[in-house]
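Listed below are the structures to be examined.
You will see two complexes here that share chain A, one where it goes with chain B and one where it goes with chain C.
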Partner chain A sequence: MSLSASQNRAGLALIAPASVLALLFLIAPLSSIFVLAFTDYQLGDRSLSFVGLKNFEALADDPTFWKSLTNTLIYSAVVVPGSMLLGLVSALLIDAGTSLRSFYRTAFFLPVMASLLAMAVVWEFMLHPSFGIVNATMKALGFAPHNWLKDGGIALYVLAVIGIWQSFGFNMVLFMAGLSAIPRDLYDAAEMDGTPNAWARFKLITWPLLAPVTVFVAVTSVIRSFQVFDTVHALTQGGPNKATEVLLYTIYAEGFEFFRSGHAAAITIVFIMLVVGVSLLRFVSLKKNGASA
Partner chain B sequence: MRMILTAAALSLTASMALAQTTITVQYPYPELFDETQKQLAEAFSRKHPDIKVEFRTPYKEYEDAAQRVLREGITGNVPDVTFQGLNRVRVLADKEIAVSLDDFIANEKDFDAEGYHDGMRQAGAVNGKVYGLPFAISLPIVYYNMDLVKKAGLDENSLPKSWDEIIELAKKINAQGEADGVMAEWSITGNWLWQAMVFANGGTMLTADETKVAFDGDAGKQAIATLARLATEAKSPNMTANDMLAAFSAGKIGVMVTTTSRVNAVTKQVGDKFELKTGVYPDIKDGVTRLPAGGNVAIITAKTEEKQKAAWEFLKFATGPEGGAIMVRTTGYMAPNTKAADLLKDFYTQNPNQAVALSELPYLTGWYAFPGDNGLKITDVIKDHMQSIMDGTRAKEAEAVLAEMAADTQALLPRR
Partner chain C sequence: MAGVNIRSVAKTFGETHVLKGVDLDIRDGEFISLVGPSGCGKSTLLRIIAGLEQQSSGNILLDGTAVDRMRPRDRDLAMVFQSYALYPHLTVAENIAVPLIMRRLNATERSVVGGLLPSGRGKRKEIAAEVERVCEALSISMLKDRKPAALSGGQRQRVALARAMVRKPSAFLMDEPLSNLDAKMRVQARGEIAALHRQLGSTFIYVTHDQAEAMTMSDRIAVMMGGEILQIDTPDQVYQMPQDLRVAEFIGSPKINVLQAAMSENGALAFTSADTDSNRVHAAFRPEAARLAGEAEAALGGTIHHIENLGADLFVQVMTAGGDLVIVRCDPSGIRPAIGDKVGIHVDETRLHVFGADNRRIAGAFRLEGGR
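== the complex of A and B ==
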């Protein structure tokens, strides 16, 4: 079926606002970042010259960048499984219980809605090395206190725990939505067929039927964990000695603190490639699911 | 007769032209400076009814301030006067956004006598040219928890005058087991305290021609050794700045070395918990010691001659005795202008902790900004090396750290 000229025009007119917005706010900034990455531009310069791959070569030799990339991956490797598992478990518990459901739902979702920057201040006090409640508890229980945010060996993991705390509520809500979509009669049928216990029911029904939700949660969690910035900016500024330096913070520091816009643009490109890569994974997995369904 | 008329007409048109001069001003940290700038503009308009001051929405902080004016420099939309972090003068001069003040200063009579002394001019100078006049400045001082100090057997008359004495005092406070002895806010802005320690020993960051690192000389070696002793001998805790302030205010640190600009906040937080006293920065030696000014500086960015002239009047007023007095009363920063203190006698008798740093004013010098495209990145490199000393990991090999710090800095300097 071919469209008439007027239908064509109407169609074009209808997509015009969205395309203009996308062009203005997505494509144009992205392409200017792409161009900047190949120049020696610094904020405030009135001219720029192309330097080819020099910024990327500098990145390859820059220990800060590699540290930042590794830290981002480590952070993600801790936060994604942690927040997914906690999200799933709390969703299952809330779903199974009957009382206070909306209270638990709200309580667990609160960290997602709260401003992470404000919450970071609260964490800062709790983690204070000499009178924070965390160290006080550790001492009371007979463990050695730690300098949580200034010990290069653990600071990143402390931030990861805060990241899990902050994001599992979001995953929980997604999982709960997924759970509510599973037909009750499947469980009834399983019970009649003599499924021995809750774990077997979970393995047999819940987990497989949650799979699409799980993939979605995994992908969004990965992308969100790559975007960690607030806690780093508020609590550690990438320190001590780059122990908590993550990609977004490096981009910020290079671009807005050191004014090395070319460098910042080059790291941004690496970052975008990472995020696009993960999104592609999701796209592929959705396609596979769609084909099998 | 005709001549008189012409003259009258001329002066009339001149005053009319002047009456129309409006300058736009932008400053950072609205929570600190809103009231200050408001009072400043009011007092200024009483003195100069021909110039109208308009404010733009303030910058959030120094980073935001520098970014915005750099971006506006490209679009040509800069304000006429901008207040910027003192170590950002260089980048604004390099990008030709800041207007050189040398001609204005040359036209002033008795500029020195009005309190705009040489150190004050140096604070806003780059390569020997003045681009800004410091407005609200801070210098490094020492904060004492007198309750802990007295338990250690000292009183306000025997407060430490040298790093040696600070370290001795810290050991005694440590020994009491109630609190940590001393902490210096070495991480503030990346390298401000490092500069203070090197400048205090008579050193410089780079050689005079700015081609080679000079902080690895004797002054620097002494400074890094002091830092290492703070970590090893005085067992200085390894905390973030916020944690340090909270700990000091809670009585968990005896001695704290940091900027004067914290006096107000610390005084409020300490309240009646213990007696707070401030003391001068240690080891000040006449003729040798210089101390870098932190804080902010007023810069002219106006394009036309008329606006530049009006902006200069505002700059002179804001950084002069009267403007300085308004600023000190409303913020807790220090006024670099030596005449401002004369207007503040009552204020300083009531706030002796604020007055301490006045004796450091004669040693005022610029907060050094490293040259070239990597200038601000160097700050970060220095901070990381200092971290490795202050957290104790490399405190035993301080000179090796200094050598590496010098080499890493050298690699980021522009090659000529």
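== the complex of A and C ==
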């Protein structure tokens, strides 16, 4: 099909605003990051010179970077399954219940909408070693209190629990939308077909029909968990002794505390590649599903 | 095989009485239709029989045993849903196998590792053979590996039927199974379901709002309205001897003609639209119980308003002086009336139904008198 010149012009005019915005806010910053990653630029410098792959070579030898990458993956490995499972279970419970549905939905969604930085301060109070409610409860129940955020062995997992608390409501809403798209008739049919219990019905209908939603939730959860920053910044600043150093925090520290912009850009590239990789996985799985359906 | 007895079953949702104490005895092997307009409670009654819904009061007996506290799984019934309710992610063969898998395999045999257990494998082989037999009986073998999304409406309906049949249940419950098919498929499917009933000999309880489906397939019809059964009878009886004006109006197409009449004590009827002190009744006759006559010869007359030519029949709509529209069936090979003609309507008195103010049938022989 060929377009007339005026149609061409109209088309270009229509995509112009979106293109300009994308160029300005997406493509330009991304490409400047790519350029910076191959320079020795430091924040505030008047000049810069290209250093090739030196920044990446330095990363490979930098224990902080590896610690940061490992911590991010551990955090993700706890938060993703945790927030998905909790999201699914609460969605199923709310869906099965008859009363107070909108109350529970709102209550569980609240942490998603609240400012995480403000919530982090609340968590800091709750986790305070001497007068926090968590330790008070532990003591009352006869357990030993912990210095939750200052103990290198558990600080990352404490942040992960906060991460789950913060994000499962989002997953719950997505799962609830998925559940509401499953026809009720199917459950009646399963009842007539003799499914012995709710678990059998879940396996026969709910789980397979939620599969597309589950893939979507998994991918968004992974990406969101890679982006953990607020709680780290507010509660631990990557400590103690880099036990909670995560990728975004390392980027922030390198770029804005040590002013090593080139170095920070190199980590950013690694981070972007991780996110793009996960998105590609989703794309591939969607394509596969589309072909088989 | 099972007879179904329904004993004063009532169902209320808050203030709404969906079923007001329904009694119905369904014989073993009978094909019974529950027919009525939407909202009459027929689907609710079916779901109560199935166990998908709990009645507020009353009992359901299957084969003489009360099943009120039993789950659907334990009632040995199968249901075909209006939407077919096929599992969209399973193939046709897997869909049909579900009722057998759920009843014959235990939890371990159903799980992922179940395929490795020798007992599970043996049972799965048996199930596959039974699925194959049912598919052949309904000639859907070539569809076995397809997903429901790749099937036409008629094919989905057969798969739903196959899934119900595969377990050989004691009774089949069908909730408007044909309403999602186009008109032509529906006529064909009607014949197939009736043939299936003859072949299986099981009890069929069939819910429909389509009086034609009920008339063509059933041994007996239960006409429901407003949460009550108005009449239970053979199709012939329901059509020819409606016990209630609402039954007469619901069954039959085109609709029965209903006119106001005054009845004197000796059974003489006079059509009237005027308010008189005499005994007011509804006089009803079907389009084929009337014929067009000369203007002066008949008790009823009017002007031809419209003519519906269906090829085999001619339905002539006559506007009476009283403002009622009366439909008369004519033979298209006879003299063709024209719109605007003034005609008389001769009604066969032996096929005249008279209903009182309470809508109930008044028995007796009637004479039509006078005209307007």
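Brief remarks follow.
Here is the rule we go by: the second predicted complex is superposed on the first by the 293 of 293 C-alpha atoms of A that agree within 3 Å, B and C clash if a C-alpha of one lies under 4 Å from a C-alpha of the other, contacts with A are read in each partner's own complex, and residues count from 1 in each chain.
The rule we apply is simple: a residue touches a chain if its C-beta (ideal position, glycine included) is under 8 Å from a C-beta of that chain, and two chains touch if they have at least 3 such contacts.
Not measured: the values here are computed from a predicted model.
After overlaying the two complexes on the shared chain, residue contacts for A:240 are found with chain B alone; chain C is out of touch. The partner that reaches more residues of chain A, of the two candidates chain B and chain C, is B.
In the overlay built on the shared chain, the residue A:150 is in contact with chain B alone; chain C does not reach it. Of the two partner chains, neither chain B nor chain C is touched by A:61.
In the superposition on chain A, A:183 contacts chain C only, with no contact to chain B. By the touch criterion defined above, A:196 reaches chain C but does not reach chain B. Those residues of chain C whose C-beta lies close enough to touch chain A in the complex are 47, 50-52, 71-73, 77-79, 81-83, 85-89, 98-99, 102-103, 107, 110, 147, 149, 163, 167. If you check the complex, the residues on chain A that touch chain C are 183, 185-186, 188-196, 200, 204-205, 208-209, 211, 293. Per the touch definition, chain B reaches chain A in the complex via residues 63, 66-67, 70-71, 73-74, 91-92, 95, 97, 180, 187, 237-240, 242-243, 246-247, 250, 252, 373-374, 376-377, 380, 383-384, 387-388, 391. Residues of chain A that touch chain B in their complex: 40, 42-46, 124-125, 128-131, 147, 149-150, 152, 235-236, 239-242, 253-254, 256-260.
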